[in-house]
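Questions regarding the structure given below will be posed in turn.
Each chain carries a letter (A, B and C) given by its place in the written order, and its residues are counted from 1.
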Amino acid sequence: MSLFGYLRSTILSKVVMAITGAVLVLYVIVHTAGNMLIFIGKDSLNSYSAFLHSLGPILWIIRAVLILSAILHIITSIKLKFENLAAKPSKYAVKNYLKAKLSSRTMIWTGIMILSFVVYHLLHFTFRTTNPQHYYPEFYQPHNAVSSIIIERFDVYRMVVLGFQNPLISIVYIVGVILVGFHLDHAIQSMFQTLGYNQKHYFPTIQKCSTTLAIIIVLCLVSIPISVLLGFIGGEI
Amino acid sequence: MILDGKVPTGPITEKWDKHRFEMKLVSPANKRKYKIIIVGTGLAGASAAASLAELGYQVEVFTYHDSPRRAHSIAAQGGINAAKNYPNDGDSIWRLFYDTVKGGDFRARESNVYRLAQVSNNIIDQCVAQGVPFAREYSGYLANRSFGGAQLSRTFYARGQTGQQLLLGAYSAMMRQVGLNKIVLHTKTEMLDLIVINGIARGVVTRNLLTGKIESYVADAVVLATGGYSNVFYLSTNAQACNVTATYRAYKRGAFFANPCFTQIHPTCIPQSGEHQSKLTLMSESLRNDGRVWVPKNPGDKRKPTEIPEEDRDYYLERMYPSYGNLAPRDIASRAAKRVCDEGRGVGPTGNGVYLDFSDAIKRLGKKVIEERYGNLFEMYERITGDNPYETPMMIYPAPHYTMGGLWVDYNLMSNIPGLHVIGEANFSDHGANRLGASALMQGLADGYFILPYTIGHYFATTKLEKVTTDHPEVKKCVQEVQERIKKLMSINGKKTPTQFHRELGKIMWNYCGMSRNEEGLKKALELVPKLRDEFWSNLTIVGEEGDLNIVLEKALRVADFLEFAELMLWDALERNESCGGHFREEHQYPDGEAKRDDENFCHVAAWEYTGIGNKPIRHVEPLVFEYVPLTVRSYK
Amino acid sequence: MKLTLHIWRQKNTNAKGHFETYIMDNVIEDMSFLEMLDVLNERLILEGKEPVAFDHDCREGICGACSLTINGIPHGPEKGTTTCQLHMRKFKDGDEIWIEPFRARAFPVIKDLIVDRSAFDRIIQAGGFISVNTGQAPEANSILVPKKNADTAMDAAQCIGCGACVAACPNGAAMLFVAAKVSHFAYLPQGQPERKLRVLKMVEQMQKDGFGNCSNYYECEAACPKQISVKFIALMNRDYLKASFSDEKSELIRNQLA
């Protein structure tokens, strides 16, 4: 069976969606937690960033897993969507949904918008091509250093603050993050269902947790641009 | 003519074993040379199709449904009997046999009934192996419950959907053979005639309900498993499409129709609410295990049931039949309901209803237990009537439900036309004049799984069959007759719909040949039915085309046959000048209103031979001998 | 009651369908939905027009024949109820009702409101059975089934094969139907020997018949007249995953290549 052989099976396709989705969700959780360091201060955030960069090959392995997951997630979802559209060629003149939430019915659209958002996000913060003027090095002396070594590292804090001080960029991020939350609301519990974990005594809890987690992630991530715009963060720059 | 049931000799307990040994076998290599047509995919048809295909025969199956799983066996709620004696309450094959003969009011063939009781246990084994999810005890063993007409618990059940689960078992066994290419399945195909060549049944003429195409199929044997004819009453618990056409057409081709007047009226159905009503809904008889049946003591008591005090209620079944009480057999419970309603004590808007009250059971067992036992039935009742049976008593009234009569068959389940086998409700065999609860499923599966597969082999092994194709002149003639019948119907261009005629026929039959019958009424009906039939053939309207899916034409073809069949039923009811089981002649009753049998003159099967439309058919007789269950007055007091 | 009905009329599979509007006076609330259509059909026949073709039979909610989408909901607004058991007291005077067939690629319209659901039979044919011949069965009580499992098996087995799940699913998926049969046998000891092969074969047939994929909308569960739970889909997913890495799967591939 080739790498994409699973696409021939409806259930295996769903399993791949669930597993790659799980990887991406875990990444979003870690990423969110990391980003929260911004509220502790410039030093924490920049050290965290420097730590990540110091991982070297491990960082590349993580990136590889993430990229692979994202690619499989996207390819599979597109294939599933086309099949689904074909399987329901004529629609009802009147349609009343009984149980399907808006978030579940818009997965492909929120997914496509999230993809564009992520591309922008990478261009903005990772490749730094959209706003190169926000890129500054920081010269930093570790507290516990014996000698007075000065290290040059990337000033993430300054970049984030400068970026979000532009209201347009902040709005893009706020909207993007809300879309992620919307996607996750359906996605997290869906993972459990697809992988076969649904019993009456715990599944309602999973569904609630799914929504709650999505809301927490949105609140955390949205709080950053809002704090910058309101001047709670980055006033010193 | 005195008919011969071909019952094997010897003691009753050994007849079937002996017969199985004596029957000729067809070798496995030869089985695949024989082709069998099966019409109908209910319990009997599906189980026979699966079993015969497993044996190696070529099987071709026909159903007018879009899927074999929709046959009306699916609607049986209560359960299936077997003589397993798991509850250790004294059951045995002998007792099941005895109860069934007695329950049938001594109008069934003893040897058939004994065989039925014998194979009942194999049926349960087979169904469990197929994965039928019967109710279980906590220990994991099978659970049993009691059912109307029995004093012990011998009924196996799967919630209130036993028929569904058994049918799905037989259906899946059949579909497995379809997948193995052992069975050719024709859905949406209705049998419209039987092909008889040189006195032997060799095939069927069908109409494809989607395209209207008339086709013919030939085979070495034909099996009819086409159910009963309760819809002759228009309103019954049967499904809308249930009809008499297959068996009636076989009758017109020479098969004898036995005991057509033996119809069962089920005591626990939801009363009719208006003229628009298309069917009556059955509430499982199991409800009578915990529900108490009553009416107000005084005629015209218009109080709400919950406001009528205990002393003003008449729990008439408990009063009249103390040992069986609310579990009295179906015919007895039905007639008792009719009697109290005729006295003006009936309840509900039409006055044709009695209460079935669960308040005592709820007090005794708690609402939760009742909900567990009957939850789905209570919900169904509430959906249909808008009343909540946990709070106010249900209203019930008897409705036509099952027909014990059917094509006459011998011990081998073959009719008097060689090659024509009839199984399940479509034959007359095992229930006599009244069927006990949870016995229909048993009989359908017994015929299909364990009896026909043996006897049909014997037929092949002992009969020399000429080669026949659909080009045979008799086949062509039969096809042509069907086409002409359809052309004739299409060209009437009158003013009334098939449903209007059906409804009128139903009224005549219910009023004069329903729960109770008398000579005067039957004679009147014998005048009314031919008149209605004449009107049908001169004033019917059909829209649409014959070469298309045409629901009006489908219905018209069925009603046309009901209009002829009804007359046969009336003749049988008139000539059977006694009361027995479901056939209650008002002239023959004991002072307390119980049915009075006439064993001297009517201890026999009446099998009718067709003599032409409107002519009185010829009545043949198969005497019934009761060697093992002595003829007694059937008392449930 | 007076009602306005918009009913889908379609001459045959290849014809283009359209809505036709009918005004119904004097609808009685004790009527079932199908009885109301009976009244309409009687009227149409007497006017010399073709009646509305719709599937129906037992009219007590068990045969699974009836298949109308009423105001965008398969079997209409009442929970856990087939069309035939839906009564007019659920509607009120002046209501407008849209009546459409069950829609999905795998269920082509035959005429008006009748659709072809033979795909379900093909799925059962592919593996929805226990391969036991008549006569092979052991004594019934030699197979013990814990009550809990028997009850759960029954929860799944009560599927009536109506296809409301497919009709309700925005993807036209048949996962609930297939899962119900797979789970019915998965919960019983009798079903174990063929458990893996069954799920592989039934899912494969389901795909061949052109049903869509599951997006976990749970519309199927909500529309199911027997309220069969989507937890059975979860069970089927797990069984399928296990079966995909089993000897049975290798054997199936070998057989297909051969």
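Here is the rule we use: contacts are C-beta pairs under 8 Å (C-beta built on N, C-alpha and C of every residue); 3 or more make two chains touch, one makes a residue touch a chain.
These numbers were taken from a predicted model, which means no experiment stands behind them.
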- Task: Taking each chain's centre as the mean of its C-alpha atoms, give the chain farthest from chain B.
- Result: A
- Message: Of all the chains shown, whose C-alpha centre falls nearest the centre of every protein C-alpha atom combined?
- Response: C
- Using the average of all C-alpha atoms in each chain as its centre, how far is it in Å between chain A and chain C? 39
- Distance from the CA centroid of chain B to that of chain C, rounded to the nearest Å? 27
- Message: As a quick test, compute the distance in whole Å between the mean CA positions of chain A and chain B.
- Response: 65
- Message: Can you pull out the residues of chain A that are in contact with at least two other chains?
- Response: none
- Item | Contact footprint of chain B on chain C as seen in their complex | 12, 28, 30-32, 34-36, 38-39, 41-42, 44-46, 48-51, 53, 55-65, 78, 80-81, 85-87, 89, 110-111, 114, 116-118, 120-121, 124-126, 128-141, 143-147, 150-151, 153-154, 157-158, 160-161, 184-185, 188, 190-191
- Note on the structure: chain A contacts chain C in the complex at 9-15, 80, 83-84, 86-100, 104-105, 107, 186, 189-190, 192-200, 203
- Task: Could you please specify the touching residues of chain C with respect to chain A in the complex?
- Result: 6, 19, 69, 71-73, 98, 100, 103-106, 168-173, 203, 206-207, 210-219, 221-223, 229-231, 233-241, 244
- Message: Applying the document's contact rule, which stretches of chain B touch chain C when the two form their complex?
- Response: 47, 50-51, 54, 65-72, 74-75, 84, 86, 121-122, 124-131, 133-142, 158-159, 161, 164-165, 168, 171-173, 175-176, 178-179, 185, 187, 210, 237, 239-241, 273-274, 276-279, 281-282, 379-380, 383-386, 449-450, 453, 495, 497, 499-500, 541, 543-544, 548-549, 551-552
